[in-house]
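First, the structure itself, so that you have it in front of you.
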Amino acid sequence: MIELRHIRKSFRVAKRNAGFSEAVKALFRREYETVDALRDVSFTIRDGEMVGYIGPNGAGKSSTIKVMSGVLTPDGGECVINGRVPWKDRVAHVREIGVVFGQRSQLWWDVPVIDSFELIRDIYKVDGASYRRTLSHLTELLDLGEIVKTPARQLSLGQRMRCEIAASLLHNPKILFLDEPTIGLDAVSKLAVRDFIRALNRENGTTVILTTHDMQDVEALTERILLIGRGQILLDGSLDELKARSSPRRTLTVAYEGGTLPPLPGVTIAEDKPGRAVLTLDAAVCPVSEAIARISSKVNVKDFSAAGESVDELVASLYREFSI
Amino acid sequence: MRQYLSFFRIRFTAGLQYRAAAWAGISTQFAWGGMTLLLYRAFYEANAAAFPMPFSSLASYIWLQQALLALFMSWYFDDEILGSVVSGGVAYELCRPCDLYAMWFVKNVAVRLSRAVLRCAPILVVAAFLPAPYGVSLPAGPGAAALFALALLLGLLVVVAFSMLVYLSAFYTVSPMGVRILASSAVEFFAGGLIPIPFFPDAVQPLFNALPFASIQNTPFLIYTGYLQGREALAAVAVQLFWLLALVLVGRALMRRALKKVVVQGG
Amino acid sequence: MKLYWKLVLMQLKSQMQYKASFFMTAAGQFIVSFTAFLSVLFLFSRFHEVQGFSYSEVLICYSVILTAFSLTECFVRGFDVFPRLIRGGDLDRILVRPRSEVFQVLTSHIEFSRLGRLLQALAVLAYAIPTSGVVWSAERVAAVFLMLAGGVAVFSALFMLYAGLSFFTIEGLEFMNIFTDGSREFGMYPLSVYGEGVLKFYTYCIPIALFQYYPFLYLVGRSDDVRLIFLPLLGFLFLLPCYAFFRFGLRRYKSTGS
């Protein structure tokens, strides 16, 4: 169980202005400004949930993850994870969490991955039997087989990410933080990583918190989304709820013959070549079914398709809506 | 020429940005110079007759050395240049419409000059107010001052011309890191960075004076303090000129050969 | 402790992957300190003695300080390269692991190529001991070992101080060179040659003299007070404020994240 209440955090950063005279001035006096990374962040995550934590760059995603993993002490507010305050009880806390920083490696670069795994086993004091069990399970699920005998520096990005994830799970954490786990991966590796995370959550009941910019990750993995912007939680709900909130714009492609398309309220014609038109419509004013019915009363419709907003567009429009 | 000037300005402004680094560097060098002088004072007290120059001349030498450390530092090598040679990225540089040797050369001169300009004044000002014989004194005369300025410039060019050889050696060795450590510690020692060359045993001095490294900091500082005077000083400057020409010619020849190799092998 | 050796072994394995570079760097380290040795030799060939200390007596000083420094540099290098750990974000990784931060920093980097310098320092020690005319006794042998142990303690503390400082300023770190590299360079001579003030500074502020100077006086027979050989143990106390400062910096890192 993860509980955050009114978490606040601000940083002081030195201002640096361009130009020579400014540089000379800064030599003697420096100005600072305060940046509020987290203004008031509250949420609760139950055991076994899978949560997507999204927001634009600089919104406070990684600050929140750092607070939850005990790396950063907030200015105010409460955070209790499995009955502990992360920054007060660091060692006991981190024994129960796993963290994957997508951009950085925790594997020793020049030695075979399996050697790194054994060291991590010793660092976390995992006993032999449970290590062997976990490792064979992970090896099977992540298809590690031969690659653990290779030094980390010789692995492809996808192989390495699979090893990184395994390394974070050797001590069977109850909570897994994933910071951009699929960044830079090819399509096949992305699918493998997603499948694995789903299986982990289903089989072990591991709580997963995922930050990402890849909306396909969110769509494929999480039932619940937390949207953060300017240091505040803006939305907390399921993907479907988010979709319901979003603007009801649809794109309609119609193949037709004979006659011209009638003007309809709430519909604009984006493209109209002879025989084929692309329309955008506002479903609140003119539902798709009604539009099709009225069009087919004027022209002979041969084929049509309707598309809603993709998740990427949805999120972009949310960012716009909250102007973040 | 214009691009070189603007390059220098960027480096200089960037150097100013790091005020903590500048203050830290200045105080470090000041402490270092002070400790060195105290050590020599102990040797002076042990055997004043064996001192090859007046103590005040040595003090000037040490303070100049600390103030102008960045100009002659032997351990500075441009990581970008070394990296581009090691990775083979230097091939891209050939696409630019510049003389690669000149570009690297100017880049190194600019870095050294900008760092030194920033740091030398505070050290020299404070050192000038130290009580005799521990402070820095004025040059031996107007002639010595002029010759010092010339020798300073030549010394800077010689050390850069030498580091060019180190960059170029990276084309041929497996471990540029090792070469770099060897080269910098050898230069530091032979140039008189650890102890001034006049303090070397008399028997080996001619040997060290014959090496190009004596033309780096040794010549300008000894001219300033009046240890080298008249014809001797002029001869030392001529030797500096000779080594500068020789090192640049060797460097350019090496570069032509190395680049031919890069082009033929495709990097 | 078992884990420590495993991590040491891992570092050794990693560095052996680049054998050419390893041996070149080790050789470089050897040569670097060899030029320092030549400087001492050259100055003594001109002046013969300093403050009544002979060449081989000074060489004892020289090799003690260099041995202690290179041992520290080899095994406590994690603190020396600590600014890199912060900038590279590896400190965050350390903080999400259930082991003490100091232990993890220590084992994050072990630089075996520094053994090149150690080799040179030991060679000089082997030369200086028979030629210095020291009359060896159990106390004097103990003195050498205590000096080395105290030296490692003080230099480790200095590296820790350096790491602690890097939480506050990265650019200003050059300042610490006076104390780390400076202590190594200037500690090659008995610290009294720099005068009373400097000796006091190195006794009470940065306790280099505790292991380098006072027991040395007993070793070369300038003092008969056998208690001097235990002074290096006081150097271990210097670890406390430096460790506290490192913890203080770490707490700040956790509250600023930078």
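Order of writing sets the labels: A, B and C. Residues in every chain begin at 1.
By our rule, a residue touches a chain if its C-beta (ideal position, glycine included) is under 8 Å from a C-beta of that chain, and two chains touch if they have at least 3 such contacts.
The shown structure was predicted, so the numbers you read here are calculated from the model rather than taken from an experiment.
Participant: For the interfaces A-C and B-C, which has the higher count of C-beta pairs in contact?
Facilitator: Pair with the higher count of C-beta contacts: B-C.
Participant: Find the most central chain, measuring centrality by the gap between its CA centroid and the centroid of all protein CA atoms shown.
Facilitator: C
Participant: Would you mind checking which chain's C-alpha centre is most distant from the centre of subunit C?
Facilitator: Centre of mass proxy via C-alpha means gives A as farthest from subunit C.
Participant: Report the inter-centroid distance (CA atoms only) between subunit A and subunit B in whole Å.
Facilitator: Subunit A and subunit B have C-alpha centres separated by 53 Å.
Participant: Measuring centre to centre with CA averages, how many angstrom lie between subunit A and subunit C?
Facilitator: 47
Participant: Between subunit B and subunit C, what is the gap in Å from one C-alpha centre to the other?
Facilitator: So the centre of subunit B lies 28 Å away from the centre of subunit C.
Participant: Which positions in subunit B touch two or more other chains at once?
Facilitator: Where subunit B meets two or more other chains at a single residue, that happens at 19.
Participant: Residues of subunit A that touch two or more other chains: which are they?
Facilitator: In subunit A, no residue touches two or more other chains.
Participant: Which residues of subunit B touch subunit C in their complex?
Facilitator: Residue list for subunit B touching subunit C: 18-21, 23-25, 27-28, 31-32, 35, 38-39, 41-43, 45-47, 50, 52, 174-175, 177-182, 185-186, 188-189, 194-195, 199-201.
Participant: Give the list of subunit C residues in touch with subunit A in this complex.
Facilitator: 2-3, 6-7, 10, 13-15, 17-18, 88-90, 92-93, 95-100, 251, 254-258
Participant: Where on subunit A does subunit C make contact in their complex?
Facilitator: That would be residues 11-12, 63, 66, 69-73, 75, 87, 90-92, 94-95, 97, 99, 101, 103-104, 106, 108-111, 115, 118-119, 122-125, 151 of subunit A.
Participant: Would you pull the subunit C residues touching subunit B in the complex into a rising list?
Facilitator: Within the complex, subunit C touches subunit B at residues 20-21, 23-25, 27-29, 31-32, 35-36, 38-39, 42-43, 45-51, 169, 171-175, 177-178, 182, 186, 189, 193-195, 198.
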